[in-house]
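Here come two complexes built around chain A, the first alongside chain B, the second alongside chain C.
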Partner chain A sequence: MEKLRYERPVINKIKAGVPDKFGMQTKVEIMPEIEGISVKDILKEYGSPVFVLSENKIRETYQEAHRAFSSRYPKIQFAWSYKTNYLDAVCKIYHDEGSWAEVVSGFEYDKAISNGVPGSKILFNGPDKSNEDLVKAIDNGSFIHIDHFDELYSIIRLTKNTDKKAKVAIRINMDTGIYPQWDRFGFNYENGEAWNAINRIMLSENLELVGLHTHIGTYIMSANAYAVAASKLAELAVRTNRKFNHNIKYIDMGGGFASKNTLKGAYLPGKDTCPSFDDYAEAITSALINSEIAPDNLPILFLETGRALIDEAGYILGTVLANKRLSNARRSTIVDVGVNMLFTSFWYEHEIYPAQECSLQTEDTAIYGPLCMNIDVLREAIQFPLLQKGDHFVIPRVGAYNMTQWMQFITLRPNILLIDRNKNIQIIRDKETNEVFKRQERVPEHLK
Partner chain B sequence: MNKNKLNIILNGSINSYSQIFFSDNKVFGLILLFVSFFDVYAGLAGLVSVLATNTIALFMQYSTFNIKKGSYGFNSLLVGLGIGLTFTPAPQTLAIVLFASITTFIITISLEGFFAKYYLPFLSIPFLIGMWLIVLASRDLTALGISERGIYTTNELYQLGGKSLIDIYQWFDNIEKPLFIKTYLLSLGAIFFQYNILAGVLIAIGLLFYSRIAFSLSLLGFATAFIFYQFLGADITQYGYTYIGFNYILTAIAIGGHFLVPNRYSYLWVVLLLPIVVLFTLGASKLMAPYQLPVYSLPFNIVVILFLYFLKLRLGKHERLIEVVTQLNNPEKNLFFAEQAAKRFKWLSFYPVSLPLLGEWSVSQAEDGDYTHQGEWKHAWDFVILDKEGKQFTLTGDYPKDYYCYDKSVVAPADGLIVDIIDGVDDNTIGNVNLVQNWGNSIVIKHTEYLYTQLSHLKKESFKVKKGDFVRRGDILAKCGNSGRSPYPHLHFQIQATPYIGSKTLDYPINHYIKKEEKNYELHSYDKPLLNDKVANVELNDLLKNALNLIPGRKLKYSYNGKVEEWEVKTDYYNNTYIFCEATNSYAHLFNDGFVHYFKSFTGNKNSALYYFYLALYHIPLGYYHDMEIEDRFPPDVAVDKFKMIFHDFVAPFYPLFKLIYKMKFLSIDNELAPELIEVKSTVYQYLLSKEVEKTEYKIKISRNGILEIISENIHIELISE
Partner chain C sequence: MKIRSNIAVSDNGFMFDPNTGDSYNLNNTAAEILQMLKSGKDESEIIKEFTQKYDVDEATFEQNLYDFLGMLGHYDLVEKEQTNY
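On to the complex of A and B.
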């Protein structure tokens, strides 16, 4: 029999309130394994901390989202938002499921091409596209989502030198009744700029207007905002058809669907308040089907949702470094996962689960990362059991953005693992070493 | 008289000769014309009758189509030949010939009108009446001298062709011939009142040239009768020079290959009918004997008309004994056309009805289903939406809203008028059915006379249309629900002939739909979805739609191995669209219903770009489905050479010796959303029996400008843009 763990005595204030029939629940759930594989074993073999992605979860979530839309609307196409997570292995899973690529820079564009995505299945977004990027996109028949008039003029100028038509869409921003209104990207709907841009494109010989695109914001908790946006795009499609007898081939509703993480400052947990894929799908597809677009010419509905597809499939596993008392007697726990790799902890109240049996007692705890930097806080306050040095924990729902927005700061970035469909662990990104950094640096002769 | 009218009369007159064998072949007609002049006076009398009849018909404004075909002239021709042979040449005889022609023509038109009501031919009844009339009347017409020609054949032949013709004739006569062949040839000649073997031989050659099927039928018919005579102990030659044997030949051709599509069943019926013709011949001769009238072609007329009428009163579909609807005056052509008609042209007889669905649905109950699609309601379909695992619902499936198809839009299957709507029936809880309001919320749309569609079990208060609205194909009607006799949400769809909810169903196909299996797509045209099929309407591709949108007036210019051909798309007054190439005098008739393009036929020069255009683009769907394959069949004479076709024709009614299979496959598209180039491969396979003997591949490139290029081994056809 394993030796019982020593548990330090704690004194807890009794928090009054209405107990439920089970009494006051303070016990924190534990997560000793991921997809049946022990957290302890993973950390032992691949070091701590480590990111883990689940291929099954990625595919399941994708299929759930796809089903929510495709069972409501006949023509659905997802485009994987590269910036959310552009690990090649992850992108390839989405492409395997049928996703196109949505990229926002020349770097991401090349990445998509090297992942085997044909140019004709790439949506090129973003305000920053160099002339070289644009020429490449035109040649490959990619869909360029124009962000501003200067870009439109560039494209018109560039197509004069080639016999290919540029296939374009425009990004449109609009008032959908939510705050903040993202008006920095694309052409505004209400002030007529979007219609103006459509006219410019339709009248230029070398551009083909294929689609209309909007992306109303991020982590949008109201499905209705999407219905408003879809109606406005449909209205533009109908107007284009009436004026130019030209069918808009696709309407791209962007992304921004909320994942089940809880935003900072939210009163209720995200998993209880966020709309489901079905809610978003119902709002968007009903708006399109009920629009005046002729059913024979229904545009393909593109979705670039990133966060809601991958967040759930990612975990970060880490180890407790130390415990200490703060000046106000609150406890703090220092762990080896910091904001350098868990960028999203700036926005989310991430849930943290111990990875082994632990005390039933919880205490108001601050969880700090390992950086020697005041901002490195994972949770300001969380009811958390006491973990001891060397204990492990799991932070779920970290698949989105962390593996692209993370930074090499103070420490090196860890391994990223994928649990594949056969429950085998594969390293999909090696942890960084000093060599990696040395290779990039140059020391001037006089300093050598 | 202008050139055009003269043309009609001359064509009609030559065709009148070949029309006796149901043909409109000019060469055959000329051979027969020549044979008729074996007796110069008879030949002249025949020619006078036929010219007189056709001229009168034209000036009295009877159908120029029928005049040109020779349908009006051939009875008069026979009467003229008969009179010319019976009476000595004299002005009186000429007068009789003319009046007899007019009489025969009047009878022809009257009988045409009479029989047309029954969709029956008048055959040579006008000749019988006309000829009998003259034979009976002539007994009092003493000014007419009875000719003895036809009895002293050699005298006449000498007058016609001198000693050499006599030599040929006698050489023929002296060759030892079996009785069968001799009587067969004499019977053939007898059709033209020529009782000699040389005439028979020439007619037989002409017949063989005109149609191998007709020739083999003539032998089959005659042989059957011959054997039957021997079997009964009667003598086929007993009627001397009246040789009624041609009755057997004509009956065989008429039934075996002209009025019926030639196949094993028509041949079988020839064998069954011929003894009956023999009985009619023997019986009718006895009946006519007191009046001293020959039976001529009476048995043939009676049996053919009786039998055709007998067939017309059948019920149900006829797949074995098939009547020829579009008469092409050639058994081979009738056969090839029937093969095409069964597969391809049947499309034209249906009003196009699509699936009432948006996106991909599955058939949960097909025709003759296990649950409710039975009896008079068996031609109906139930549709649901399934997920990848084949489940109809998510969560527990305890509520209608758990079902994927619930609350999904259903659309109009074709243009039409909303004639009835039932609304207000609540959804059932899962597992329950509402047997009182059996059909639940339903809608009935009228498309044409006697063609309605009904959609049932819809969601309460979800209708987007109202009674009296006109809807276009694809317009949203309502949402799928769970009302009426519906234990779980599904859409019931049926096609019916009457406007009532719950009318009995019609056996009617869906115009085009895509069946998806795994990652394969199959295009089904004028077919019916089966149980568990995953189906969707065809999604059109702009590039394909535009390239094959060959509307009248469109002009095309192609280079063909360096030469330039200019085409124009035209349409005739039957509303048949065709591409016409003036330089090569070629026509390619086409069909395009907005979903599929195909060519109906090609006539003209086979060394032309248009011919290869026809072969390569024989059948192209207008929606791009990657890797999807289409198969079709050409009529064999399109690409099998003439020499091989002779062998093909002989056995074609039983088994197609040569088969031409067309296969088409979509190879690539450069951009799914905004394509600029689509590549298609089509292949023409030639099979001898079931062995592939020849294969030609065509690579086709399609762009915004149309069909850009067709390339095969030796052929390079390229669009020349203006």
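On to the complex of A and C.
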């Protein structure tokens, strides 16, 4: 006789309280496949945990974002934000779609060059650019986004030794009505510092002011903040034109568009509350078109959005290591994905889906990673199905930042896979081995 | 382990404790275990019956069973053991 499917026994106390007025779904969906490929099979072949990226999703999301802007504004250029995910394979997909590169360090700059991006299609941001980096960027005709006066004067000094003009933009911070106001990067708009910087650049023979750049923050839930920012940049472009008879070639609105992940403390899920690409595009392009910039001089609109483009295309697949009871009898589940590789769990309430059939029963569960550290918490409280040791799960929307901000701590980083357009699985970053770390270390002679 | 005699359990796993007024939900396997306990079966009999009927190995089920029994104790749904001082 065939045995019945087993589910571990569970008792849940019924808590009377205020009903959820939004009637959120309590049923936990399962995710047994990614792009039609079985999660179980992927884990069996490539080990657990493992990151998986979808090339189709990357391209679809890029095209959706591009369409939202290009259908509203005549001149659009995206620049892939390297820091969001600088795996070469990922960068090359964006470059193939037409993206330039947006980099924030010498390391990223060299990566973009080695990915075949011409220097003239690199936007160089960030507060840390060495003289060596700046000389390289000037020689290659890259667009240097100046962060502070020390950098501005460094460029002025460096260009005295070369016959090339430095193509520069300035990063501008401003009050757009949101909190927190990011004022640590660039020159402030309200106190006149940005205008001073523009004047200094315009009076310099060896610098060409080509653009104005802002990046108002991250995970911005208000599309209107971008409209305010675009209006302020447009106003500076008009003033520059009036005073110096000089046209600003581009306005760079940076990134910061929210992805559909849910921030910790948010009452409603991000997928229900985040603005769409159309919302952001409408706000930004309307502000530019309605500004006083003459229609013939409309600048190119640059966008450096990273998170909203790639978050949806990334998954991490893992395995349950153990189930325990906490001192108050709450369930805790330990999984093999920790904050070392899922850095974003510090600010997101990541969704977690079982990868195999399970019943409708759930338990109030705390989900912990495998690290021997108290901070290794994926979810403090989630209604989670009754998984057993060895069961698999999928965490979606992890494509942004995790593969660049991850930490090597007490364990090795896992494989990263790409499901390509033909549904073939490609390893795009090998899992680390002890040899990788041994290679970097040296033991002094007397300790050998 | 004995379930308190005044605990009421319906066939579909709804459980009521008249001492506290608290209600509980049980999944199918938990409800079945509870009926076995109420009918006086001990842990070893429950393990034997379950591993014959369900697709589960003995070690896994034993671990799950004691975890579940621990929860019954946590919610104060079982008879206190007689202590001999």
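Just so it is clear, the second predicted complex is superposed on the first by the 431 of 448 C-alpha atoms of A that agree within 3 Å, B and C clash if a C-alpha of one lies under 4 Å from a C-alpha of the other, contacts with A are read in each partner's own complex, and residues count from 1 in each chain.
Rule of thumb we're sticking to: a contact is a pair of C-beta atoms (placed from the backbone, for glycine too) under 8 Å apart; a residue touches a chain by one contact, two chains touch by 3 or more.
Given the structure is predicted, the values throughout are model-derived calculations rather than measurements.
Shared-chain residue A:361: touches chain C; no touch with chain B. When the shared chain is aligned, chain C comes close enough to touch A:9, but chain B does not. Residue contacts after overlaying the shared chain place A:260 against neither chain B nor chain C. Of the two partner chains placed by superposition, only chain B is touched by A:249; chain C is not. Between chain B and chain C, it is B that contacts the larger number of residues in chain A.
Contacts of A:388 after superposition: chain C is touched, whereas chain B is not reached.
Once the two complexes are laid over each other on the shared chain, residue contacts for A:325 go to chain C alone; chain B is not touched. With both structures placed on the common chain, the touch criterion links A:95 to neither chain B nor chain C. Chain A has no residue lying at the interface with chain B in one structure and with chain C in the other. Of all the residues in chain A, the ones that touch chain C in their complex are 3-14, 323, 325, 329, 359, 361, 386, 388.
Chain B meets chain A in the complex at residues 358-360, 385, 387-388, 394, 404, 408-409, 411, 473-476, 536, 539-540, 542, 670-674, 676. For chain A in complex with chain B, the residues that touch the partner chain are 63, 67, 70-75, 120-121, 141, 143, 165, 167, 208, 210-211, 247, 249-250, 289, 294-296, 298, 300. Chain C contributes residues 15, 22-30, 33, 50, 52-56, 60-61, 64-65, 67-68, 70-72, 74-75 to its touches with chain A in the complex.
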